[in-house]
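Two complexes, one shared chain (chain A), two partners (chain B, chain C).
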Partner chain A sequence: MSAPSLTRQRARVGWFLTLPALVVVAAVTIFPVAYSVAISFTRVGLTYDGLRVEDWTLSNYATMLGSSAWREALVFTLGYTVVTVAVELVLGIAVAVLLDRLEVGRGWLLALLLIPWSMITVVSAQLWGYLYNATYGAVTWGLGLLLDEPPVILGTPAPAITAMAVADIWKTTPFVAVIVLAGLVRIPAERYEAAEVDGAGAWRTFVSVVLPALRPVVAVAVLFRVLQAFGIFDLPFVLTQGGPGTATQSLAMLGYRALFHDLDMGMGAAVATATGLLVLGCCLLFLRVFRSHVDEAGEGGAT
Partner chain B sequence: MSRRGRRRTGVRRYLNPVTVGGLLLVVVTAAPLYWMAVTSFKSPVEAGASPPTPFPEDPTLDNYRHALDAADMGRYLYNSAVVCVSSTVIVLALALLAGYALARLPMRGRGPVMVGLLMISVFPVIAVVTPLYLVERELGLLNSHAGLIIPYVAFHLPFAVWMLRNSLLDLPRELEEAATIDGAGVLRTLRSVILPGAGPALFTAGVFTFAATWTEFLMALTLNSENDFRTIPVGIAIYGDRYQVPYGVIFAAAMAATVPVALLVLVFRRAVLSGLTDGAVKG
Partner chain C sequence: MALRRRSLLTAGVGVGVGVAALAGCGGGRGGAPDLARAAEVPRGEVTVRWWSFPMATGDGRDLRTLLIDAFRRHHPTITVETVDAPAVTDVSRAVLATAVAGGAASPDLYLGDVAWPAQFAHNALALPLDSVVGAGYWDAYPEPLVRAVGHAGDSYAFPFYVDQAYLYYRRDLLDRHGLAVPGSWEELAEAVRVVTRAGDAEYGLAFQGAVYEGLTANVAEFVADAGGAILDEEGTRVTLGGRSGERALTFLRDLVADGVAPRAVGTFREQDSTDAFVGGRALFLRNWAYVWGVVEAPDSPVAGRVGAVPRPGFADGAAAGHGCLGGWCNFVNPHSEQPGAAVAFARFCAEEEAQVIMMRNTSYLPALTAVRAGAEARRSSTPVLAAADEVRLVARPTGTPHYPQVSKALATHVNTLLTGGATPAEALAHARDGIAAALEGTAL
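Our next item is the complex of A and B:
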C-alpha cells in the first residue's frame, strides 16, 4: 500500500475512533444549546404534551433586559465572581508560597486541602448553613463573643453575601493553591539566586521574579474559577435560597426559577442564553489576552 | 523546594512564620470538617444547643440509622454509585479511543475539535438543562439511571479526552511503530501498546470523572426529581423542611457521601494532583 493511502486510511480510522465521543457530546450539548437559543426567541405555551410554539418574538429578551430581577442577578453574579476570585487568588498564592516553604508535613497539608475541594458542594453548603444558623450556629456564637449584637448572618443582605463568599473561598482556594504551587516549584533556582546577587529583598524577589513566572498558571486557575463562579448554583440554592429577598440570587438561580418554578420557558431560555453568551465572551477575551501562552502550549502539545 | 537549604535548630526551626501559617491553615481547613463529623454523632437536642459543645456529650449512631432508614439516604447513595460508576467507565472507554486518535492519527481538523471540546466543557449547565429536560421527557428518560448517565458522560468526556490525549502524546512512538511494522492494525496497536501505556492517565481521568459526577447537582435535581432516582447531593440538599433542618441526620448522610470519596482522593492524591496541575502547566 502506498504511503498517502495508508495515511488516508489511518485518518479514517482516527475519525471512526473519535466519532462516538463527538456524537455523544454534540447530542447532549450542542443540540440542546441550539434548541434553547431557539426557544428564547419564541413565545411558547406549556401544554400537557410539551411545548407549543405560539409565536416568534424578541419579547423575552426585552422583558429580561427590562426586569430589575435580571439586572440585580447580573450585578450580583459579576460582583460576586470578581470579589471571590480575587480573594481566592491572593489567598491561593499565599497558601502556595507557604506550602513551597514548609519543611514538615507538606504532603499531609496538601492532602487535607484536597478534602474541601473534593466535597459535594451541597454538603459544604449545608455545613456552612449550620455554622451560620442564627440560634445555634458556631459562627454566630463566636461573633456573639466579639460583638454586642451579632447580625442574623443569613437574614441580612451584606452578611449573607459575605457568608456565602467565605463558604466558597474555603472550598475552592485549595484548587487555586495547588495549581499555583505547580507553577511555583518549576521556577528555576537560578532566578532566585540572581535576585539575591542583585541584592533584592524577599518582597522584591516575590514581585519581580515569582509573580511574573506564575502568570501562565494563574491565568488558567483564574479562567476555571471565573467560569465556575459565574455559573454558581448549588451553594446559593442550599445556603441562602437566593435570599434574603433576592440578595444572593445568581443568574443560574434566576434561570432555574424561571424555568422550573414559574415555568416561563421563553424567559428562562433567554436568561440561560445570555449567561452562555457571557461565558463564551469571557473565554474569547481570555484567549485573546493570553494568546501567546495558549499558542505556546498548543505548539508544545503538537510535538 | 529550591530554598530549603536554610537550616535552623531547636525551637526556632518550628517557631517561624511558615510553620505558624501552616498550622493556621490546618485549623481553618479542618475546623468545619471536624464540626460536621462531630455533629453527626450528636443528639438533635445537642446539635441545637447554644453555646455549642466541642465534643458529643453522649455520642450516638442514631443519625446514621435514621439517615439510612427513614431518610432513604441508602437509596440515594446506591443511585449515585450506579450513575457515577457507569458514567466513569463509559467516559474512560470513549476518551481512550478519541484521545488516541487525536494524539496520534493524521486527521485533519484535530485542532478545532480539541478547542471545540474545551469550549463545551466550560459551558454552564443552566444553558442546556431545559432542553435536556424536554428531550428526556419526550424519550421517557426522566427519572432513570440512564437519563443521568448520558448527560454526565457528555459533560465529562471533553476533560477526559484532553487528559488522555495529552498523556498519550508523551508516550514513546517506537513501540507503536514497531507494532505497525509488524503489521498490527490500529485497533490491535491500541489494545497491546497504547492501553498499557495509558494506565496512569486513565486512572487520573477516572478519579476526576468520578469525583465530578459524584458532586453534580443541577442536572440531578432537574432530571431525576423522583424519590426513587434521586442521587445523594439532591437527597442531602432537599432533606428537612422550612422550619426545621435535622442537621444531625444530614451530616450523617454527608459523612457517608464524603468519607469514601475523600479516602479515594487521599489515597490517590498523586494522581489527583498531577491531573489538576498537568493541565495548568501544559496549558
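Our next item is the complex of A and C:
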C-alpha cells in the first residue's frame, strides 16, 4: 500500500474526524452501560442528597444466583429464545423461498407480510390479549369448539408460554423472511443451472446450493432475533405480567421490576448486567460457530 | 467488525473505573429538606406544580380545577399548575422515583398511591410531615389510613381520597330466586349454586386473581376475614400462616375448585372482573368503590339492577365487612423550591372544604372521617358512599419499604394456587418464605 508514516497520519486524521461521533457513542452507550455495571456491585441508598453508594459488594449477584425467581426467568428466557428463533427461522426461510419463486404480486405480498412486523409490540400484544381472553377471546371460543373444556390460555403455564411464542412468531417471522429474501435474490442463476446440470433435484438444490449461500444472511437474522428475543419485555408485560405464577417472567421483566418497582438499583443493575453478559456470550459463541461454517462455504471472511 | 477485543476491553475498564469514582461522589444536591420553610405559607406570588390525573365530576368537569379555584380563594398568591401523570400506577411511580431521586424540584407535590409511603420514605422521595403539621393532625383520619401514610415514626403523605373494596351483587337475580344478600361467604357460595344451576348466571363471584397487586389486596381481605394479617404492625415480620392463613387460602382455592369463581379468575384484573359482571355473566363481584360508577353508567347493561354492600365474612370467623384500603394521597417533593406552598395545597386537599367538594361533585370517597361518616355521606343515594364508614379498612402489607417484593411474593404464590399449580399448604409455605426474604431485602 503506502509508507507506514502516511498510514499513521491517515489514521490520526481518521480518529480526529470520528472523535465527535465516538464521544456521542461513549456518552449514550458506553457510559450508561459501565455505570450500570458499576452500580451492580454496590448497595445503593437513595437519600435527600441523591444516590449514595453504601457499600461495594457482591451481594446482589449472590442473591440473584441464589434466587429461584432468577433461575426460572433464565430458563424461561433461554427456552423461549431458542424455540421462537428456531421456528421463526424455519418459517421465515419457507416464506422467503416462496416469495422468491413468486412471479407476480411479490411486492404486494411483501408489504402485506410486513404489517405484523411494523406493528408496535404493545399494540399487537394487546390485540393478542383480546384473542386469548378467557371470557370473550376468539381463540378460547375456537378451542371450545374442539375441546370439552378449553384451557384458560393465559392462566395456565404451558398454554400461556405457547400463546406468547405464537404472538412473537406471528410478529417476527416476516422480519426473518425479508432478510432471507435479500440473500436469496443474490444467489446467481448460474448456480441453479449448474445444480440442474449435475442432476440435483429440488430438495438437493435447496440443501446444497441455497442454504450454504444463505448462511451469512441467516447469521445476521439469527443474531438480531436472539438479541431481541433475549431481551423480551413488552410482550409478557402486556399479555401476562409474567404470570401465571412466574411462568412467563423474562429476565428483562425481572430487572425492570427490581429497578422500578422495588427501587433496588443494585439488584436491577445486576440482573441487567448478567443478562447482557449472557446474551453477549451467546452471540459470540454463535458467531464463532457460524463464521467457521461461513468460511468453509467460501462466502464470508471479508469484514 | 474490526474492533480489537483488547482495546475494547481496555476502554471498558477505563470507563468503568471512572464511573465507579463518580458514583462514589453522589449527586451533591440539597441535603435534608428545610422543614421550617415547609411549614410556612410563602407571601409573594409563587407557582407550584401538581402531578395528578384528571378526575371527572358529575357534570363533566375536572375536580382539579374546582379544588384549585377553591384553594385560590384562600391563597390568591399561589398558582397551582397541574401536570398529568401517566395513567398506569407503576409507570407513574417509575417516572416520579427517577425524577425525585435525581433531585428534580418539579413536581412540587404529587398524587401517589396509598401503598407508597413506606417505600418513598425509605428512599427519601417524600417530605416528612409530622413536624410540619403536628403529629395530632392525623387524628382526623381513619386509623388504617394514618398507619398507611406513616413510616418509622413520621408521616409522608396527605390523605386525598380513599378507595375501598365492596361486594357488588345482582339484585334482580337474587330477588328472582328469593335469596337475601349474603351475610357470609358460606351463604354467598350457596346463592351462587342456586343461581348458576338455574342458568341465570355463568359465574358466581368475580374477583382479581392475576399476578399483580390487586390479588394482594384480595388476599389481605380474606386473611383478615379469617382473623389474621400478612405482616405485623411494624411491617417487619411475617404473620401470614397458621389457621387464618390456611383458611383464607383454602377458601380461595375452593372458590375456583367448586366453580364459585370462574376458572379464568387467575387472569382477572379489575377491568376483566368488572367486564364479567357488567356483561351479566357474574352474580357477584368484589371490586373497588369506583366500580359503582361503571356498573351504574347509562350504557351499562346491568344498571339499576345492582347493589353494593361491605364484603361478608366467614360464618364463624372474625368480623365481617373488611375492605382493602386503597386510594391516593398527596406527597410533597423534598426538593421542591416552594415546599410551603406545596404543603398548603396538599393540606387544603385533605381538609374539610376540599373533601366536601370532592364528595358532592365526584364519585371519589372522601378520606376525612368527619366527611366520610357525616350525615351528608350517610344520606347519599350511592351505596358505596353511604356505607363508606361501615367498611373495616384492611391495609395491604404496605408498612415495609419492601412492599413491592412482599406483594409480588404473595401474589405469585396465590396465583399459582388459583391456577391449580399448588396446594394451599404449599402456597402458604412458599408465600411465607418469599415474604420473609422480601423483608430482609434479599428477594428478587
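One rule holds for everything that comes next: the second predicted complex is superposed on the first by the 262 of 303 C-alpha atoms of A that agree within 3 Å, B and C clash if a C-alpha of one lies under 4 Å from a C-alpha of the other, contacts with A are read in each partner's own complex, and residues count from 1 in each chain.
Heads up, the rule we're going with is that contacts are C-beta pairs under 8 Å (C-beta built on N, C-alpha and C of every residue); 3 or more make two chains touch, one makes a residue touch a chain.
Source: prediction; values computed, not measured.
Q: Could you say whether A:Val178 touches chain B, chain C, both of them, or neither, answering first, second, both or neither?
A: First partner only.
Q: Quick one: classify A:Ala194 as touching chain B (first), chain C (second), both or neither.
A: After superposition on chain A, A:Ala194 lies in contact with neither partner.
Q: Is A:Gly245 touching anything from chain B or chain C once the two structures are fitted on A? First, second, both or neither.
A: In the superposition, A:Gly245 touches chain C alone.
Q: Between chain B (first) and chain C (second), which, if any, makes contact with A:Thr135: first, second, both or neither?
A: Once the two structures are laid over each other on A, A:Thr135 reaches both partners.
Q: Let me test your reading of the model: by the given contact rule, A:Phe260 touches which partner, first (chain B), second (chain C), both or neither?
A: Both partners, chain B and chain C.
Q: Does the superposition put A:Tyr35 against chain B (first), chain C (second), both, or neither?
A: both
Q: Once the structures are superposed on A, label A:Met64 by its partner contacts, choosing first (chain B), second (chain C), both or neither.
A: second
Q: Let me test your reading of the model: by the given contact rule, A:Thr156 touches which partner, first (chain B), second (chain C), both or neither?
A: In the superposition, A:Thr156 contacts chain C only.
Q: With both structures superposed, pick whichever of chain B and chain C touches the larger number of chain A residues.
A: B
Q: Contact-wise, after the overlay, does A:Val53 reach chain B, chain C, both or neither (first, second, both, neither)?
A: In the superposition, A:Val53 touches chain C alone.
Q: So which positions on chain A get touched by both chain B and chain C?
A: Comparing the two interfaces on chain A, one with chain B and one with chain C, the shared residues are 30-31, 35, 39, 50-51, 135-136, 260, 271, 303.
Q: Under the touch definition given earlier, write down the residues of chain A that touch chain B in their complex.
A: Residue list for chain A touching chain B: 7, 10-11, 13-15, 17-18, 20-22, 24-25, 27-33, 35-36, 39, 50-51, 95, 98, 100-105, 107, 109-116, 118-131, 135-136, 138, 141, 170, 174-175, 178-179, 181-183, 185-189, 192, 216-217, 220-221, 224, 227, 230-231, 233-234, 237-238, 251-252, 255-256, 259-260, 265, 268-269, 271-273, 275-276, 279-280, 283, 293-294, 296-298, 300-301, 303.
Q: Which residues of chain A touch chain C in the complex?
A: 26, 30-31, 34-35, 37-39, 42, 45-53, 63-64, 67, 69-70, 133-136, 152, 154-157, 240-246, 254, 257-258, 260-264, 267, 271, 303
Q: Please output the residues of chain B touching chain A within their complex, sorted ascending.
A: That would be residues 1-4, 13-14, 18-19, 21-22, 25-26, 28-30, 32-33, 35-36, 39, 47-52, 94-95, 97-98, 100-102, 104-108, 111, 113, 117, 119-120, 122-132, 134-135, 137-138, 150-151, 153-155, 157-158, 161, 166, 169, 186-187, 190, 211, 214-215, 217-218, 222, 232-234, 236-237, 245, 247, 250-251, 254, 257-258, 261-262, 265-266, 269, 272-273, 276-277, 279-283 of chain B.
Q: Which residues of chain C touch chain A in the complex?
A: Chain C reaches chain A through residues 1-2, 11-12, 15-16, 18-20, 22-24, 26-33, 90, 93-94, 97, 101-103, 119, 123-125, 210-212, 262-267, 272, 275-276, 279, 281, 334-335, 402, 404-405, 408, 412-413, 415-416, 419-421, 441-444.
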